[in-house]
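What follows is subunit A paired twice: with subunit B in the first complex and subunit C in the second.
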Partner chain A sequence: MSHRFLASLGVLAAVSLAPAPVAGQTPAAKSKKTAAAKTWTPPRTPWGQPDLQGIWDFATITPMERPKELEGKDVLTAEEASEFEQRTLVQRNPDRRDGGSQADVGRAYNQFWWDYGSKVIGTKRTSLVVDPPDGRIPPLAPEARQRSEARAAVARLPAAGPEDRNLWERCILGGNAGPPMTPGAYNNNVQLFQAPGYVVILNEMINDARIVPLDGRPHLAPDIRQWRGDSRGRWEDNTLVVDTTNFTNQTNFRGAGRNLHVVERFTRAGADTLLYEFTIDDPMTWTRPWSAAFPMTKTPGPIYEYACHEGNYGMFNILTGARADDKAAEEAAKKGTR
Partner chain B sequence: MPKLAGVIAGAGLVLAPAAAPVWAHHAFAAEFDAKKPIRLQGMVTKMEWINPHAWIHLDVKRPDGTVEKWMIEGGTPNTLLRRGFTKNSVLPGTVIVVDGYQAKDGSLKGNGRDLTFPDGRKLFLGSSGTGAPKDGRDPAEAKR
Partner chain C sequence: MRKPFGCARNAIATAALGAVLSLAVQPAAGQAPAYKAPRGAEGKPDLNGIWQALGTAHWDIEGHAARAGAVVALGAAGAVPAGPGVVEGGQIPYQPWAAEKRKENLRNWLAADPEIKCYMPGVPRATYMPFPFQIVQTPKHVLMTYEFAGASRVIHMDRPDFESPIDTWMGHSRGRWEGETLVVDVTSFNGQTWFDRAGNFHSDALRVVERYSALSRDALRYEATIEDPKVFTRPWRMSMPLYRRLEKNAQLMEFKCVEFVEELIYGHLRKQPGKGPGGLR
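Our next item is the complex of A and B:
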């Protein structure tokens, strides 16, 4: 198999971090954590740790990066936020038929099936990215740009087999499940479980359960690579810090490589609010580390199983579609040579 | 390749959100053919309540009396469950109209661009969001 794995960029967010300094704490992240910790005292588990358990919903229409149109504007007023929400929902509404047949195919089924929320985050910040302060993810390093372009070129070809399609389509990784978690189109739900010595992070998307040891053990050896990396947790005051390395090159969070280093921070900020922050570092991919933050809201649940692989007719259809494309191209070539 | 994406920009508007694209589990453009629009009326024979995408099976009667067996792709049942929709909400025997696009290989599969009853009512009615509160209870908001 060639290096045709890959795939639609942006679908999988994988961040690559070289084993980097401990928990890239940005000033923004730090101050937020402090504010949260000061304003609310979380309940404790019977063994004395802050209790983060429950089902948390992280749907929001606040974009990861600040839109170009909002350059220089950190926060929306209530009126602007309302306008932004309305306009975004209109733009995303799959019932609209004004984009031509190609757009129609992409819009597929209607709004009923989607679940990306309808509100911006409560701070009304214009991006989930909090560092750099301009709300934009730093530029890709030259090597990462080449890697992304090569992947995009492969993704445009009809797939020879499933390995040519992205990991989400293959039901290997969930597009929003991370690490780090990022709001997506549906299944924006995560359930946290705690036991002495462990935290389990169960994402609804792809049913991913990350079992995170809290006992201070080191990361896996560098030659052991995992789709979702290798997570280790610890407590800093009332904040759960989860440090993840050992990703594969194919994990590809927003173009990241295998040296991606993700540091996530979970802090209860109220009875129904969990503040989630993450810092991404991969010097081979981005010119500097970057961080994002957003609240998750407690939801009664339940989380539903997302058993992806067994019913993934889409993969079969994509590959038969690719063969149909091959055939059409062959016939066109024959005609051209006559 | 375009997945689901609200691409149309509200040009000139100060607050035009660059509608961050949202993604479906897989690329519909790789599966269905924009040059093969379909409009079918048929009787539901089965709803496959499966992830990552539900499938509705339909018997479609052709003008010559023969019956074609079609399959129409939808989204994840998880979202439907949260909206109170269940496997029994589309029972066999229900007649529906599908406006969509056919599979690239010409097989009798389509995506359900619009699903309605014969009288035009939408099969799935809903708006975005689960209704879960997102009212800014994250701490930084309170300070503003």
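Our next item is the complex of A and C:
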């Protein structure tokens, strides 16, 4: 079954829901990386590495960035968290009918289609961003702001071709699959596989299997660029560290360019918990590096096939609609000149 | 002894069962080779690695002479190299209507082959495309991930009764070990994939039983038994070696071909058709 035709709606929804309201407190410094792991000994593979394998669910309603109205509030109390969850679920519920016919059309995909999750993360932090301590992604560098504005301007026009739509709608990259992974509208599932010398990160979104060699080999040559970059891994104690470079200029993780450098850290924090942390560095895009952290929860799965491109009726419809818009605009212009 | 096929669906399938039993007693073809692979985790043969088929099965799994390609501008580079074929017994046992359909597929290759549109190639085709794939072997799951279109599938080693709730492009794979051989039973196909670039095809009733066994440290024997009572008169089998990619820097590279087929698929819907990729890029 393809949820593909949801993608464009999903992107819009994710953007508009990101600054959902919460209730707040004080900033924390850098993530306490292996605090949980210190009290729990992870199982090991037969060849002696920490065993991270399983299917992990990273759905959460904790927003990436701390909402403005929670400025200064680092962590929610249990009560505040529960209230926040309730409020978010009501706001997101597309089955409510309190907005008139236009809103109803916008909510055409009802709750059945979405899988945002229903809980804040276990730490009850008000943002997934842990650094800077204010929980906000640092400001875009001037060049990146220009890039981002140019993209936004194109997105407002009827698409001249598929390249004018985003990579998720084109089924080139999964909105939440990364690197780095970020909780999104659905398919927030990832399966980790380990064999001697390799870890493979299989994201359900767009079926991306990211193969991470652990043998210390260098990154691909700098002139070889890939949509998802080129990943290399190593162990630091019980933590898998994955370093990714060689992105394309179009990969566009939150406006990043080809110099994007992603460092991910995976640490088992319990039988059913995998701590996932990432640090983003791209001086051409952000004024300073930034980091986020959230736990993933073991889930029975399975990971389903996500035939995004194969079922991409959405792109036909988007482009057909754009051509109809062109025609209407043309006719309106003719009338205007008469 | 090869496990016979599951419940016979009709007269064809019954005939098919007979045929497969007779295939099973043939020596060599289905037998595990004498070589014993190094043991991996849990004492099973270690088939981990990056593998690739050589040969021309991706052009045509049946034996074929060299022929001109379909795109004049590509000249010799686009021509089809000859091959002796990988189908045991030489020919695919199509039902008469299906033999006609195959010819039509071949005539209509450019428009009809799902590979050309960058669709997931299905099984067994993914195995012998001119791209590497990687086996990542764990006790509960074996991941097969293919460079072409980034397709992959998880083989469930721990749930023999797990039926797929949905049909898929890459099929639903359940595996088991038979001595030295990884046996994978693949079902629940959506019927939209092909076997090769020569129009050889199947329906959604396809069932593939794959057998992977090590011939040496750096080669596997791959065998696939094909059952599809809607299309064939009996089950049939293909086999070929798979070779380890030995380059020190071997890795599956990204081949996200969606980008390369957008003009083909959506070009007619551009604001300026025929002008090629545009937009911000």
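Observations on the structure shown:
Definition applied: the second predicted complex is superposed on the first by the 297 of 338 C-alpha atoms of A that agree within 3 Å, B and C clash if a C-alpha of one lies under 4 Å from a C-alpha of the other, contacts with A are read in each partner's own complex, and residues count from 1 in each chain.
Heads up, the rule we're going with is that contacts are C-beta pairs under 8 Å (C-beta built on N, C-alpha and C of every residue); 3 or more make two chains touch, one makes a residue touch a chain.
Just so we're clear, the structure is a prediction, and the values are computed from it rather than from any experiment.
Contacts of A:Q49 after superposition on the shared chain: neither subunit B nor subunit C is touched.
Applying the stated contact rule after C-alpha superposition, one finds that A:T60 touches subunit B and leaves subunit C untouched. Once the two complexes are overlaid on the shared chain, A:R107 sits against subunit B while remaining clear of subunit C.
Touch criterion met: A:A307 reaches subunit B and subunit C at once. In the superposition on chain A, A:R228 contacts subunit C only, with no contact to subunit B.
Look at A:F84: by the touch rule set out above, it reaches subunit B but stays clear of subunit C.
After overlaying the two complexes on the shared chain, residue contacts for A:R156 are found with subunit B alone; subunit C is out of touch. Once the two complexes are overlaid on the shared chain, A:R323 sits against subunit B and subunit C alike. When the two complexes are overlaid on their common chain A, residue A:D95 makes contact with subunit B while staying clear of subunit C. Residues common to the contacts of subunit A with subunit B and with subunit C across the two structures: 159, 171, 304-305, 307, 310, 315, 320, 322-323.
By the touch criterion stated above, subunit A contacts subunit B in their complex at residues 8, 10-11, 32, 35-36, 39-40, 57, 59-61, 63-65, 67-70, 75-76, 80, 83-84, 87-96, 98-125, 155-156, 159, 165, 168-169, 171, 175, 184-187, 204, 269-270, 272-273, 275, 294-295, 297, 299, 304-308, 310-315, 317-318, 320-325. Of all residues in subunit A, only 1, 45-47, 53, 150-151, 154, 158-164, 170-172, 191, 193-198, 200, 202, 206-209, 211, 213, 217, 224, 226-228, 250, 302-305, 307, 309-310, 315-316, 319-320, 322-323, 326 touch subunit C in the complex they form.
Within the complex formed with subunit A, the residues of subunit C that make contact are 40-42, 48, 118-120, 134, 136-138, 141, 143, 145, 149-154, 156, 162, 166, 168-170, 192, 248-249, 251-254, 256, 258-259, 262, 266, 269-272, 277-281.
Of all the residues in subunit B, the ones that touch subunit A in their complex are 1-10, 13-35, 37, 48, 50-53, 55, 71, 73-83, 85, 100-101, 103-107, 109, 111-115, 122, 124-130, 132-144.
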